[in-house]
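Per-chain residue numbering starts at 1, and chain names A, B, C and D are given in the order in which the chains are listed.
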Amino acid sequence: MTTPLLKVENLRIALAGDGVTYDAVENVSFEIGRGEAFGLVGESGCGKSITALSVMGLLRRPLSLAGGRIILDGKEIQNVSAAEMRRLRGKRIAMIFQEPMTALNPLSPVGRQIAEMFVLHEGANWNEAMDRAEDALRQVRVPSPERRIKDYPHQLSGGMRQRVMIAIALACGPDLLVADEPTTALDVTVQAEIIDLMAELCAAKGTAVLMISHDLGLVANMCQRVAVMYAGRIVESQVADAIFATPTHPYTQGLIDSLPRLGERARRGRQKLSEISGVVPSIANYPAGCRFNPRCPAVTDVCRTIVPEATPLPADGVVRCHHHG
Amino acid sequence: MAEPLLSLDDLAVHFKVGNALAGGIKTLKAVDGVTLDVKPGECLGLVGESGCGKSTLALAIMGLLPPTRGAMNVDGQQISGATPPDRMKMARTVQMVFQDPYASLNPRQTVRRTLADPLRLHGITDKAEVEARVIDMMAKVGLRPEQADRYPHEFSGGQRQRIGIARALILKPKLVLCDEPVSALDVSIRAQIINLLLELKDEMGLAYIMISHDLGVVEHVSDRVAVMYLGRIVEQGGWQEIFENPRHPYTRALIAAIPDPFHRAAISADAKARGEIASALNPPSGCHFNPRCPLKADICTAEYPAFGEVSPGHRAACHFRDRVG
Amino acid sequence: MLLVLGRRLANIIPTMLAVVALVFLLFSVLPGSFISGMNEDGRSTIDPAVMERMRKEMGLDDPLIERFAKYVAATATGDLGISFRTREPVTKMLAGRIWPSLKLVLAAMTFAILVGVTLGFLAALKPGSLIDTAAMVGAISGLSLSQFWFGLMLMYLFALKLQWLPSFGYGDGGLRNLILPAIALGVGPMALLARTTRAAVLDVLNADFVRTARSKGMSERRVVEWHVLRNALVLVITIVGLQFGSLMGQAVVVEKLFAWPGVGSLMVDSVFQRDMPTVQGCILMIVLFFLVINTLVDLAYVVIDPRIRYR
Amino acid sequence: MSLALKLPRLRLKGGTSLWVGGGLVAIAISSAILAPWIALTDPVLDANLMNAELPPSWEFPFGTDAQGRDIYSRIVWGARVSLSVGIISQICNSLIGVTLGLTAGYWGGWWDDLVSGLTNLMLAIPSLVFALAIMAILGPGLVSLVIALGLTSWSYSCRIARAQVLSLKSQGYIQAARILGYGDLRIMFTQILPNILGPLIVIATLGMGGAILAEAALSFLGLGIRPPFPSWGSMLSEARDQITTAPWLSVFPGLAIFFTVLGLNLLGDGLRDYLDPQSTTRRG
């Protein structure tokens, strides 16, 4: 197995409360091969976004990297100097965010915000950078880019702004694109277009993708491998098709059965949706042992006390449950 | 054929936008001629993306927004221009469940007062009866009596939505309008609320208008479905008709845009819509969907299509409604 | 751009008209009471003949609408009536005093902006540091100072004790006489600008687009230069505009303290001498000051923030 | 009246500003109430030219003025005037401002335009200048001072109340109340007002500080309470002529004003943090 592009090993992120620190993310490990699309799925507050931010080295108070290693192309980057990390950001690993409305500087034309990448990383002068920005806009299929580069963010729709974000991120041909819920704020039809665009451009440029989302279907459709996160831990990670065909962890099974899916009612008539009882725990009161135990239908005493070990599954899959499968 | 509980006839809600000096006054046709009925005990699914006017339509039906044109009739009573006594009767007939659980409850009011005040307002002053109905309604939505004296910030998102539902049902209405009731909730507790809404519908013989952009939810709960685009209904029919035999390209695009991990692609991928959602301020000429429609022809830009019948109870506003599919 | 300028200047007129109407209501409709009942214990200190002349001069007996129309017409053409005390046209009395007042207010505002905004920025860039706490404690103290007392203390320390600066008066209009009044007047707005700038910069630093800028591999210095600065400025400008109003008000007291020959001190003297036309003239002049400066600040806002230009 | 609409929050540790501010205000108010007991001499009658202009000493902690009256006692008695003017005029401002702002924000339409026009008009005239104009008409004295201050700075609370109502109006629970048949007044006073009390209390507290500064300024100009009764501003006005010979005459009343207003400003900041600690994060 060639060395993976990105290898995250027992990542631990601490949240400093007043007087006490919590483990927002605990021994999270995964690998992304060169050009591969890897999905990280979970509900709000499960720690998926801060995992992405830690890979970019963008964690800020009260969050901090408390342990584990982040290895990019064989080299540890979790505690390199700020200057060196800056050289990686945008050049080797890039990121796009969820809120297209607020992710761009409202007072600066979009063209200039793309051109900044070329000035920063390739020492281009501003005119040359603006021309390349125009090409970048054309690549993300923004209509009449020569006019649009002068527009301000508030003059573009949500979908357009997300295309600008993608143009910015892929400007310097990074090896890895971290996408934190890129289409959650967009409408369904626009979401489909943006996902297709991202997949197409990353495939063409050989860019690997770390896709963060709460939509299991969306991630399974776009990524080769998927990891499911719950309350700061990866509970299951498999090849995309296997996640839906043979979900192993009770949480994954619960998620898949609880969501109404198209065509289901026509085939089997309206069934009562299978519920996952209880509520999503907040960081301050994560239960002991397996953090899903209060809501798990197959809970036993061991689940309430001992944190389950990672047991391997076929095709490099892994699951953390005392009664898996 | 039971008398319809709610009937809208060519309902329109227009807004004046901009001011006389800067760029003149334009009219935003948020809702532009909607005709539909809801029979007692029936669930009508209302589907559409942002900017299609479904929330404006909801506010107009609830009497919170004065309609610019058209008539609204609830249980044989005209809504627009309702006098205070009519509004009280309206309150006992039509109620609403809101999208954002964190904004739909008065933070300074206990659950008991949120449920008891409307009863007292509507003439039920006997203490014992008020108390009994409050506790009974709380039990119906899955809340324990001792939670009655708690404040909203002490509840999770899902529990708050239950309180919102209890408040909507406390006056025993006949029709409940649910505006995206689960889209703001954590994925794993959506099923709890969907099942609850369906149980209460059967138990209390309620009619629902279910507004959602999530087609999976709409297919699961609706008896009939209406699809809205730029303030108008473009397709309407029984749920099986709409999801298995959609005849309007926009409906097909909505279905095609949903990631389909089970590869049950009833609709081929090329039915996906292209480009951006048009603005309701200056809609495209002819059929509003033509700039994004894969089947676009000259007639589409020339003339707005009739809302013709495809089969009994199934209508679509498209020149090629018979050829599609 | 000119359209925006025209529109902004145009809406001074309705406000000015409203102020003229309000002043007219206050001074021409109500004074019946004040002319007769001169002071609290009911004795009228002005002999009847003078009072009759004042009534005639103010035309108190003509119908209301007619008096109002005459008043507006006169004010529009710059004729603010005759001063009871000096018998001179009020406009002439005001003319000489506009520049000293303007100079004082502008000096105070410059001091407030330079010191306040810089302090606010430094405090925001190092939250929780010594500079941050010191700046904010200084700011809230500045807000709690009564400007005339602070001026009195400055006068005592720098003018009387150390004798570095003249204690009061306009002198030859030079800088030496301007320093103490400007600092006394500017301390309040300076404190407020420090706090507002700090809040604005902190808000911007936490904005999503700053996180995007960092994700592009920019140094923190360049993030501030290219993205934070301008956005924070936009937020601060709105406060500068608002601040001018209260600055005009405070100037009245500071001018009186430093015997500064401005519109403010004239107004105070006129209030004491019951010289109503002059008081009215001073109010209209101060409001005109405020509206013009406020519009200029508004225009700076439009220039910087493209979202306004396109609305 | 140096007061802004959106005062930033101080990062003092926990409720420090709340406690320090509360403490200072408590001292000021208690000294005003207990004046007869804690003052050494009668502020007006004990004029004894023998000990005119004595520097601060054990007998006269803050020294004596030109008529030989004890400055400390006059400050303690003066607190009654300054505080009462500040509190009463701010209550008037708040009542006028909140009622106008609440109704304008909720009903909108022509009433909202009228109130907004009036507010912009009031903001165009600096409140101290407007107060001065009213004093010119009503003549000097305590009552006209309260009226002048009470009528000229309600525009801040009005704008805050209106902005709060506009942001709450689209919230679910307000719409739900209307759908349940609640009348407008019931909605305004049971659903909206309780939820906007926090920011209004903060503005009222800060406004009180501003009102005390304004009273001091007007009294300094000689328009406040008639001598010989003491108010902090009038004491400063009298002390100005002896600035060289008896500087302590101006120092202590000034400090009294400063610490009271500082207390109110700190209390306002502390209240904002206390009432709405995660205001940005929760709405962010």
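Convention: contacts are C-beta pairs under 8 Å (C-beta built on N, C-alpha and C of every residue); 3 or more make two chains touch, one makes a residue touch a chain.
This is a predicted model, so every value here is computed, not measured.
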Minimum number of chain-to-chain contact steps, subunit A to subunit D: 2
Higher-contact pair (C-beta pairs counted), B-D versus A-B: A-B
Separation of subunit B from subunit D, taking each centre as the mean of its C-alpha atoms, in whole Å: 49
Chain centre separation (subunit B, subunit C; CA means) in Å: 53
Centre-of-Cα separation between subunit B and subunit A, whole angstrom: 32
Euclidean distance of C-alpha centroids - subunit C vs subunit D, Å: 20
Overlap residues in subunit A, where contacts from two or more other chains coincide: none
Residue list for subunit B, restricted to those that touch at least two other chains: none
Of subunit B, residues touching subunit A in the complex: 49-50, 156, 158-159, 186-192, 194-195, 198, 213, 215-217, 219-220, 239-240, 243-244, 253-262, 264, 266, 272-277, 292
Touching residues (chain side subunit A, partner subunit B) in the complex: 43-44, 143, 157, 159-160, 187-193, 195-196, 214-218, 220-222, 240-241, 244, 251, 254-255, 258-266, 270, 272-277, 279-280, 295
Subunit B - residues contacting subunit D, complex: 59, 62-64, 84, 87-88, 90-91, 94-96, 98-100, 103-108, 117-118, 121-122, 164, 167-168, 171
Residues of subunit D defined as touching subunit C within the complex: 1-12, 117, 120-121, 123-130, 132-141, 209, 213, 216-217, 220-223, 226, 236, 240, 243-244, 247, 250-251, 253-254, 257-259, 261-262, 264-266, 269, 280, 284
For the subunit D and subunit B complex, residues of the former touching the latter: 171-173, 175-183, 191, 194-195
